[in-house]
Amino acid sequence: MEAFSDGVIAIIITIMVLELRVPHDASLPALRPLLPVLLSYLLSFIYIGIYWNNHHHLLHAVDHVNGPILWANLHLLFWLSLVPFVTAWMGENHFERVPVAIYGVVLVAASIAYYILTRALIALHGRTSTLATAVGKDFKGQVSTVIYLVAIPLALWKWWLAFALYVLVAIMWLAPDRRIERTLVE
Amino acid sequence: MEAFSDGVIAIIITIMVLELRVPHDASLPALRPLLPVLLSYLLSFIYIGIYWNNHHHLLHAVDHVNGPILWANLHLLFWLSLVPFVTAWMGENHFERVPVAIYGVVLVAASIAYYILTRALIALHGRTSTLATAVGKDFKGQVSTVIYLVAIPLALWKWWLAFALYVLVAIMWLAPDRRIERTLVE
Amino acid sequence: MEAFSDGVIAIIITIMVLELRVPHDASLPALRPLLPVLLSYLLSFIYIGIYWNNHHHLLHAVDHVNGPILWANLHLLFWLSLVPFVTAWMGENHFERVPVAIYGVVLVAASIAYYILTRALIALHGRTSTLATAVGKDFKGQVSTVIYLVAIPLALWKWWLAFALYVLVAIMWLAPDRRIERTLVE
Amino acid sequence: MEAFSDGVIAIIITIMVLELRVPHDASLPALRPLLPVLLSYLLSFIYIGIYWNNHHHLLHAVDHVNGPILWANLHLLFWLSLVPFVTAWMGENHFERVPVAIYGVVLVAASIAYYILTRALIALHGRTSTLATAVGKDFKGQVSTVIYLVAIPLALWKWWLAFALYVLVAIMWLAPDRRIERTLVE
C-alpha cells in the first residue's frame, strides 16, 4: 500500500508542473502571467509534500491493513488527485475568489479523508498501539480542517485572506513535528 | 512484476485527472459542464482502485512467475491503460450512449484479461496451492463480466441503465471481500 | 537502478495512451480515425513490454553496478523515452512512410543501447558469470537489430513491409525465451 | 524517501518528452523545427540523470533522516520539477537568450538545493560519518554552481556560450566520479 500511495503522490506532485504552460514568447515579461500559476504550484507542492511526509510517517507505524483501510487510503488519494486541477484553476485565473474557495473545499475533503484513514488504522491496531500513540489526538489536523472551513467563505469576500490562511496551515505543518518521529524512533 | 504493475496502475489512476480540463472562467457555473467528467472520473478511479486492490492481493499469493504470466499481466495492464481514454470520452460527451457502451467493452476486456491472469497463475502454482484456494471460483469476477455484457447493449438503449450496472458492480467489489484476505492471513 | 528503470518504463508505457486524443463526437465512426493510433499504441505497448521483460530478467542477474553502467542504462531509457513520440507520429499520420522509417530508427537505437548495456554488465561481471551465461550470445537481439535495419529503407518504399517486420520481431520476442529463465532458475 | 524521490525523478525525466509535440506533417522536414527541442531535451535528460545518479549514491550512504531533511529533499525536487518547463521554453524558442538564462537560474537553484541537502545530511550523521567522507568537499558541485552563475549573464549576450558551459558541466559529471563509489564500496 505504501509503494502504491507513494507512486500516486509522486505523480500528483509532478504532473502539476504540466499546468505551467510554456509561453510562446521568449522574453522575461512573457513569464509574468505565469507568476500566479507558479505561486499556486508552489503552495500545492508544499501541501502534497506535507501529505506525503505525514502519510509516510503514518504508514511506518502500520502493522497490517484490511479492505476498508485500503479504501480509506484510496479515498484520500482521490481528493489529493484533485489538487492539480484546483491548483491550475486557481493559478490560471490569478486567484479569483471562486477558485480560491474551491481550493479550500478540496483541502477540507483531503483533511477529512486523512482523519478517516487515521481512525480506521487506530481502530484496527488498538488504542494502545504504537500507531495510536504516534497519531495522538492529531490536534494539528483538526485545527487545519477548522482553518480551511473558515477560509472558504472568506475567499468569497477577499481571496488573499483565504490564501493567507492556506499559507498559515502550510507553515504550521512545515515546522518540525517531533511527535510522530519521537514515538517511532524511541 | 508487482512494483512495475503498481507503478503502471498508479500512473493510470492519476493521469485520468488530466482530462479534467481547467475552465477558463473562474465562476462556479464554469464547473457545471465538468460534473459528468468528474462523475466519470470517480467511477473509473473506483474501478482502477478495485483492480489494484485485487491485483495486489493476488500477487501476494504468487510464489514464482514465468514468461506467459508476465504477458498475461501486461495484457491486463493494456486494457486498464485504455480506461483513461474511455473515461474521458464518456465524461466529455455527457454519457452519450456509444461512449457508455464502449466503456463497458473495455471493462469486459479487462475482466477477461484478469481471468486469464488468474488461470495462468493457478496453472503454474497448482490447483491445491494457497493461490488457487485464495482465488477460488472467482464467482464475483464472472458475475461482473456477465453484468458488463448485459450493460453494453443496454447502454445503446438507455445509457443510465448501463451506468447503474457499472455502479452496481463497483459496489459489489467495494463490499469487503473476506475470501482472499482470510486465506492469505490465516 | 532497477526501481528507477521500472518507474521510467512504467511511465513510458502509460503516457503513450495520452496520445489517444478523445474525439469530440460521441459516435462509433468518430473512433475510426483513432484505429491507426490504437494499432501504433498496441505495437509500442508490446515493444516496451518486451524491453521491460528483458531488462527485468537482465537486472535480476546483476550483482553490482558502476558509473558507466548507470549511464548505459540511462542511454537505453533515453531511446525508449522517444518511443511515445514516434508512436504518436506514426499513428496520427496513418502509417505514412517517413514516420514508419523513423520508428525503426528509434528501435535500432534502443536495441544498440540494450546491447551496450549487456556488454558493459558482462565486462564488469566477467565472462564466466551467471549473467554472461544468461545473456549468452544474444542472438535474438542481434537478429532484431538487423531486421530493423532492413525495415527502415523498406518503410520508404512500402510502409506495411516495414510494419510487418516490426510485428515479426515482436512475435519473435513474445515467444517464451527459456534461455535466461532457465539459467537463472536452475 | 528514496523510493519517493526516485519516483518523482523518474516522472520528471519522462514527462519532458511530452513537450516533443507530434508534428501534423509526416515528412522529414517536419522534424527539423523539433531539433532544438530534442537537443534541449537531451541536455535536460542528462542533467536529471546526473541528479538521479548523485542522489542515489548520496541516499545509499544515509542511515536516518529527520523532518528538515525530508524538506531539504522536497526543496531539491521542487527545482528539478521546473526543469521540464525551462527545457521546453528553451527548446521551443530555439535557444533564445532569455530562456537559456532562466534555464541556468533553475540549474543554480537545484545545485544550491542539493548543497543544502548534503549539508543537512552531514549535520545529522556527523563530520566523521561514511556519508561525510563520501560527500567530501563536493568540489565538483561548487564548481558547477559557479559555472552556472557565469553562464547566466553570458546567455544574455551569446546564448551558445552559456549552452557550451551547461554542456561542459554535464561532461564533467558524466566522467566517472570514483570518489563516492570508492568510499561506499570499500
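Labels A, B, C and D are assigned to the chains in the order they are written; within every chain, residues are numbered from 1.
Methods note: a contact is a pair of C-beta atoms (placed from the backbone, for glycine too) under 8 Å apart; a residue touches a chain by one contact, two chains touch by 3 or more.
Quick caveat, the model's predicted, so the values are computed rather than measured.
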Q: State which chains count as neighbours of subunit A and simultaneously of subunit B.
A: none
Q: For copies subunit B and subunit C, work out whether under half or over half of the interface numbers are shared, and give different or same accordingly.
A: different
Q.
Rounded to a whole Å, what is the gap between the Cα centroids of subunit A and subunit C?
A. 38
Q | Between subunit C and subunit D, centroid-to-centroid distance (C-alpha), Å | A | 27
Q. For subunit B, which residues are shared contacts with two or more other chains?
A. 3, 7, 11, 15, 18
Q. Considering only which chains touch which, how would you classify the arrangement: line, ring, star, complete or other?
A. ring
Q: So, with touch as defined above, which chain pairs make the list?
A: A-B, A-D, B-C, C-D
Q. Within the complex, which stretch of subunit B touches subunit C?
A. 1, 3-4, 7-8, 11-12, 15, 18-19, 66-68, 70-71, 74, 77-78, 81-82, 84-85, 88-89, 92-93, 96-99, 102
Q: Sort out for me which residues of subunit D touch subunit C in the complex.
A: 3, 6-7, 9-11, 13-15, 17-18, 20, 22-28, 31, 42, 45-46, 49, 52-53, 56, 174, 176-178, 181
